[in-house]
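Below: the structure, in structure tokens.
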Amino acid sequence: MFYHVKELQYNAKPEKPDAVYARKLQEILGGQFGEISVMIQYLFQGWNCRADQKYRDMLLDIGTEEIAHVEMLSTMIAQLLDNAPVKEQEEAAQDPIIRAAMGGMNVQHAIVSGLGAKPDDSMGYPWTARYTVASGNLLADFRANLNAESQGRLQAVRLYEMTEDRGVRDMLSFLIARDTMHQNQWLAAISELEARDGKVVPGTFNRQQEKQEVSYSFMNCSKGTDSAEGRWAKGPSMDGQGQFEYIENPEPMGQIPILAPGPIYIHGTMPSGQTPPPSQF
Amino acid sequence: MFYHVKELQYNAKPEKPDAVYARKLQEILGGQFGEISVMIQYLFQGWNCRADQKYRDMLLDIGTEEIAHVEMLSTMIAQLLDNAPVKEQEEAAQDPIIRAAMGGMNVQHAIVSGLGAKPDDSMGYPWTARYTVASGNLLADFRANLNAESQGRLQAVRLYEMTEDRGVRDMLSFLIARDTMHQNQWLAAISELEARDGKVVPGTFNRQQEKQEVSYSFMNCSKGTDSAEGRWAKGPSMDGQGQFEYIENPEPMGQIPILAPGPIYIHGTMPSGQTPPPSQF
Amino acid sequence: MFYHVKELQYNAKPEKPDAVYARKLQEILGGQFGEISVMIQYLFQGWNCRADQKYRDMLLDIGTEEIAHVEMLSTMIAQLLDNAPVKEQEEAAQDPIIRAAMGGMNVQHAIVSGLGAKPDDSMGYPWTARYTVASGNLLADFRANLNAESQGRLQAVRLYEMTEDRGVRDMLSFLIARDTMHQNQWLAAISELEARDGKVVPGTFNRQQEKQEVSYSFMNCSKGTDSAEGRWAKGPSMDGQGQFEYIENPEPMGQIPILAPGPIYIHGTMPSGQTPPPSQF
Amino acid sequence: MFYHVKELQYNAKPEKPDAVYARKLQEILGGQFGEISVMIQYLFQGWNCRADQKYRDMLLDIGTEEIAHVEMLSTMIAQLLDNAPVKEQEEAAQDPIIRAAMGGMNVQHAIVSGLGAKPDDSMGYPWTARYTVASGNLLADFRANLNAESQGRLQAVRLYEMTEDRGVRDMLSFLIARDTMHQNQWLAAISELEARDGKVVPGTFNRQQEKQEVSYSFMNCSKGTDSAEGRWAKGPSMDGQGQFEYIENPEPMGQIPILAPGPIYIHGTMPSGQTPPPSQF
Amino acid sequence: MFYHVKELQYNAKPEKPDAVYARKLQEILGGQFGEISVMIQYLFQGWNCRADQKYRDMLLDIGTEEIAHVEMLSTMIAQLLDNAPVKEQEEAAQDPIIRAAMGGMNVQHAIVSGLGAKPDDSMGYPWTARYTVASGNLLADFRANLNAESQGRLQAVRLYEMTEDRGVRDMLSFLIARDTMHQNQWLAAISELEARDGKVVPGTFNRQQEKQEVSYSFMNCSKGTDSAEGRWAKGPSMDGQGQFEYIENPEPMGQIPILAPGPIYIHGTMPSGQTPPPSQF
Amino acid sequence: MFYHVKELQYNAKPEKPDAVYARKLQEILGGQFGEISVMIQYLFQGWNCRADQKYRDMLLDIGTEEIAHVEMLSTMIAQLLDNAPVKEQEEAAQDPIIRAAMGGMNVQHAIVSGLGAKPDDSMGYPWTARYTVASGNLLADFRANLNAESQGRLQAVRLYEMTEDRGVRDMLSFLIARDTMHQNQWLAAISELEARDGKVVPGTFNRQQEKQEVSYSFMNCSKGTDSAEGRWAKGPSMDGQGQFEYIENPEPMGQIPILAPGPIYIHGTMPSGQTPPPSQF
């Protein structure tokens, strides 16, 4: 169960409104790697957790914190939209700055949400649950989380660069710092689980059952061998169980597929000379 | 530019048709972490790559290989659908196996694709480009790739468990082995980049500008301290630049937000006693 | 069955083209509460209606009228797009007004629809059937309809404020008036059904089967008691069957959930010390 | 800012697993009117609220409670999935109950989420932010909320009818009771705002500016006059400002639209005899 | 403007309910090539039409007819759902036919729409406006329409094969016949426009401006020359302006792309040895 | 299986960056008729092909070529984004041209993809697999392909008109020429299949089973008879098996639908006077 207190986790006060920037800030609220994504992702990973309670508890801690980040961003965006110049009076239309601002803002901020934040990204695309990752395998999921915090911090930094507003930057400096922590946190949790369960997910699959001839081969499917220069092309594999091998000219190992004609009730195209009789019904 | 050869990269021949399983196999073809996702993801990361050529080349190598995996899975699914029992003749309807098959299969395999594979997942949800990740920051993106291969191998293993068909298992044993390689490959590429650019993405942001007081604090937003037991709660941080700290009772640090009433032309709800005059136009 | 006459239900003639405004007007054509939404919603409610014929007939009357509204808006948008300045010749590029206009228009109006209306909203997001509501319970659905007409009139009014074009405003004054009628209409139909079936949907569920201890309790899950001031916090309940009660400090009433480990064939993360054996197959 | 306690708001313990029912229960978790929808909807309405603090506080109270409902449903679904029969061993395939279960369950519960809940609906469609309503006009939005609780209670009641499991029914009896309260709550808040701002949303638009001739006319666009029997067809309008009028044969009032040919650079189809010259560039 | 009459365009009466088939029939109601798609597509093409009035009129004729088809299918589906077996009482659960039906039906037909049709496809995916095509170029669009009627008739025929219900087959025999007409209709309209504007869309682009060396070359990007056997590989081109040519070994004609490093404020990965300085802000 | 060479199929080098145009160009990369659509469409048609090998081979040839087109467009877009002006420094904000450019660009190009192409359309909507068509009936699908190439060439031509950049135009002149070929190619393949299987898809359905009375009737559902002037209204039908007939006043041929009340466990609205008893459970 959850409780709310009225204070924000950290300040969210812009120096002045900026409707165009409000639109951009939507990305880290409702985008693929926005705060709604990590909120839902961590909460579902926690609720579905069948492993040790410390993982469940940790996931719900951070998931709960992310709700507060959603709150901060929504509050910031609403203030950036204060008195947004949505009226196209004749005079305003003469002012190219204002018209450009109107062109650049998310017009739904005026028409739909009445100068409020929306659970959408910076192009107005709605947040979708297909962004979330929760597989029941924590090592897999913590890698998803590390990625989410990496993409999220990268986007927050880019948004920091795009504004001079000290209030916005203050809030972003907090979110960026939390992303630093969260990258560190997932790195720590990953190192714990890799030590316990091995580096290849899932660690419980019997390795005899995979086609081990190709488990450590780099296949150079593209002409030229620049790709031979990387760590992935030679030396011991990262899981300590094999040697990387560079296949310069990978050959196909499978059949040339030829599909059987479909049954008549499907009415697909038959091979020539095999015209099917009319339907029997 | 690309070229095709008729042979598959590896065998894709089921022992016998199984329309219900065909539907399940769609997950690793057109799902969030299916082969279409990694194909598009690696190709776009390669095409957009502004870093060293070896990364671009490596990305296009593996992206090109993934097209072959899409091909194998599509071919397998089409064969699993051979002669799918879509006709509900009276007799068939009495046979619970056949009715169950008709219920459990993806009915679009019969109505829409005419017993062919679809670029959808196992619940019939179409593949969407919002699954792809390509940020221009390779360390971030390689973490996305490591996650994709972890989720992908996990799903392939689960699908392996769900069938006894030796032909399907043979193909999956190949894909699972390639996912072993690809997890190793991204781990290798990540270790190269972390050594060069640091562990926190993006490494180029001036750390003075983030709110460093909270860069290594674990905030226990959930009652109880099970979460204090993990590596993330104490000791040196994973990036080597701080010490983890456990905040047992995190307090809010921000304002209580109070938003200003909206301008009259938005026609939102005003605070009581502030009824706006009718519109001036 | 349906018939068409060539005249529009009401005038749809702008004074002059305005491609940026055309984009905004898309919201009430193809947005969440646009005319396509109410058209499909009322028609499906009518076609699925299992109650009195007067409701079915009324729903099909208004659903049929909404097709005419879709027609008016499409026609208006096409005219607003007449000669849209899509060519970026050098001279035009010098004119900030024109460039701003080009930035602000829906670029698909030029590239995709060839200066025609699209069944999308003002951010270019396509209309989706998940906007529609038709549950088979008319009281529930008429509340959905009342909401749709409330949101729809609000958006039409905002769009009225955003233009000075007398032709556009003339058309909007008609649509706004119809929304006045339609809000009144659903209020009337709701009052009929509430008198007959009660205020709580669905009225047919046996109230003994719900957890009646909490059927009239307001739970103050947020610190502070501002919420105690409303009508919802004290006095008789609106359905006349209980008394509102204000729970200042709501306590959890359920268990602390602990999930069982998953079966081995799922390959999820196991609790420590319970490492599963390799797969048996 | 938010805090979590480990206990659920109410019990969520099924008597026994039922993977097919788990899939159905997803509807009120991640469907159009599921708990995620009301959670996000109330929180965003609260965060964006520019009216009296009592409304903001009330919205955040109930939004916070809804997070607990999401938690209860997720926990219930995970338990319903315990040991789901995903393996298709030969023997199992002979058992029609097991095959039916495999056909009827959400196969992503096995392949993707590893026997955990997903933020999707009962057909596997992911939750999307386009379900949420937050317009800045509270009367409009409270009508949306009343609808959401009406649809939500209706669906919960239907799901109650679909199971005999006493644990599931116990949890649903709690959620149904809360929906009773929440319908009452929104009815109460609506009556407050209607008394203050009038029944037609938005109340601030100058009624002189709408086409008042049609503000209270019911238009019978469908042959037959069953629709004349309702409260909406005669008598005083519900807003007390007019009289309902029944237009038996509504006539078009607008022009026959004729669009001008498009400019040549659009390359649309020209009227016959107006073949455009080749492009000038 | 539009009018409705109560009679359906043609009979829609099943012999008996069949909830599983109801789900399948959704495909031609709300699927990619269902009746909603052609309804919206033809209406928008008509409303946006800037060419001769006969095309506009014809498009609105057929678009109006399609609304009646949507009505017939919705009515049929509602009747197929009469008394759908949604209750899982213990006895019922023992009956494999009933369980199969419960597994195979669209569970939202019970939980969400209350035994009514939905604007979704057979996998429960909602109709989306991205299915519609209306470009302003009628030759292009009539080809889209011909395709829609081809796919639509194919799906209707497959659904005809999947049932023995004489009422359903009677309705389908009507829809299939209309699709015969509509394929003929678009073929006729296409032949008119091809005669007038040429076979290559758009006919107004100056052919000097395209890279004419490759305007009639078939490029054999796949090893093997089976593709040389078709009409497309030799002989005069279909537009009468060139000769097909078969390029057995197509060579790349473009550059090897090398992208410039991104500006520092993007924080992408730099090439090695070009580590950027910390941000200046 | 597939192979890659580093050279592009044709040049993709803009004269200079243009971030606003980059956004527009996304339409033919990731839009409904962009290169990703045809790539996936042709490959799936090929992989699912159950007809003659020459069709499979041809489909894979052209599908493979389309991957190269995706590559060219992605490369072009990345270069158009070089040094995009995303920083809103005070000085820049004074320059209306720059602000307008910022308003008009896809802001995710800066925030999300780090100046790389995205698999989205020009309004930022992600590519979705529901764009693809692959039915197993090649005549139907080749009509889909002809439409795709018609819409695609039309959009490419419009984009050609929207720029003066010689590098962009050079690349587009190549793509436009290929679309000329591909329209010719599908016309050729269609003429082959129509000669073999007849003009009405599917040719294998027994024409006795369709309602032949309406197989060649044009129904004038819209008042006025402009539509009588077309080829579709009189003369022999295009399939050579009937005569077009013009029905000036089409009459309904079906029943007035009246649905039975739903079962009590659905809790829908009952007809008046038929109030159901409380639930029995």
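Read from first to last, the chains carry the letters A, B, C, D, E and F; within each, the first residue is number 1.
As a working rule, a residue touches a chain if its C-beta (ideal position, glycine included) is under 8 Å from a C-beta of that chain, and two chains touch if they have at least 3 such contacts.
The chain lineup, named per UniProt: A, B, C, D, E, F = Manganese catalase.
The model shown is predicted, which means the values in this text are computed figures rather than measured ones.
Annotation of chain A and chain E: jointly contacted by B, C, D, F, touch as defined at the top. Remark: chain C and chain D have CA centroids separated by 8 Å (rounded to whole angstrom).
Centre-to-centre spacing of chain D and chain E amounts to 27 Å, using the average Cα coordinate of each chain. Centroids built from CA atoms put chain F at 26 Å from chain B. Shared contact sites, meaning residues of chain E that touch two or more other chains, fall at 1-9, 32, 47-48, 50, 53, 55, 57, 60-61, 64-65, 68, 75, 78, 86-87, 96, 100, 103-104, 110, 112, 114-115, 120, 123-126, 128, 130, 135-137, 139, 154-155, 157-158, 160-162, 202, 205, 209, 221-222, 224, 252, 254, 257, 259-260, 262, 265-268, 279, 281. In terms of inter-chain touching, the protein chains here all touch one another pairwise. Of all residues in chain B, only 5-13, 32, 53-58, 60-62, 64-65, 68, 72, 75, 78-79, 82-83, 86-87, 110, 114-115, 125, 128, 130-131, 133, 135, 137, 139-140, 143-144, 146-147, 150-151, 153-154, 157, 160, 169, 173-174, 176-178, 180-181, 183-185, 187-189, 191-192, 199-202, 205, 209-222, 224-227, 229-232, 237-239, 242, 244, 250, 252-257, 259-260, 262-263, 265-268 touch chain A in the complex they form.
Residue ranges on chain F touching chain B, taken from their complex, read 1-9, 30, 36, 40, 43-44, 47-48, 50, 57, 60-61, 64-65, 67-68, 70-71, 74-75, 78, 112-120, 126-130, 132, 134-137. Note for the complex: chain F touches chain A at residues 1-6, 47-53, 55, 86-90, 93, 96, 99-100, 102-104, 106-108, 110-112, 114, 120, 123-126, 135-139, 193, 196-197, 202, 204-206, 209.
On the side of chain F, the complex with chain C involves touching residues 20-21, 23-24, 27, 31-32, 96-97, 100-101, 103-104, 121-125, 154-155, 158-159, 161-164, 221-224, 252, 254, 257-262, 264, 266-272, 275-276, 278-279, 281.
Those residues of chain E whose C-beta lies close enough to touch chain A in the complex are 154, 157-158, 160-162, 265-267, 279, 281.
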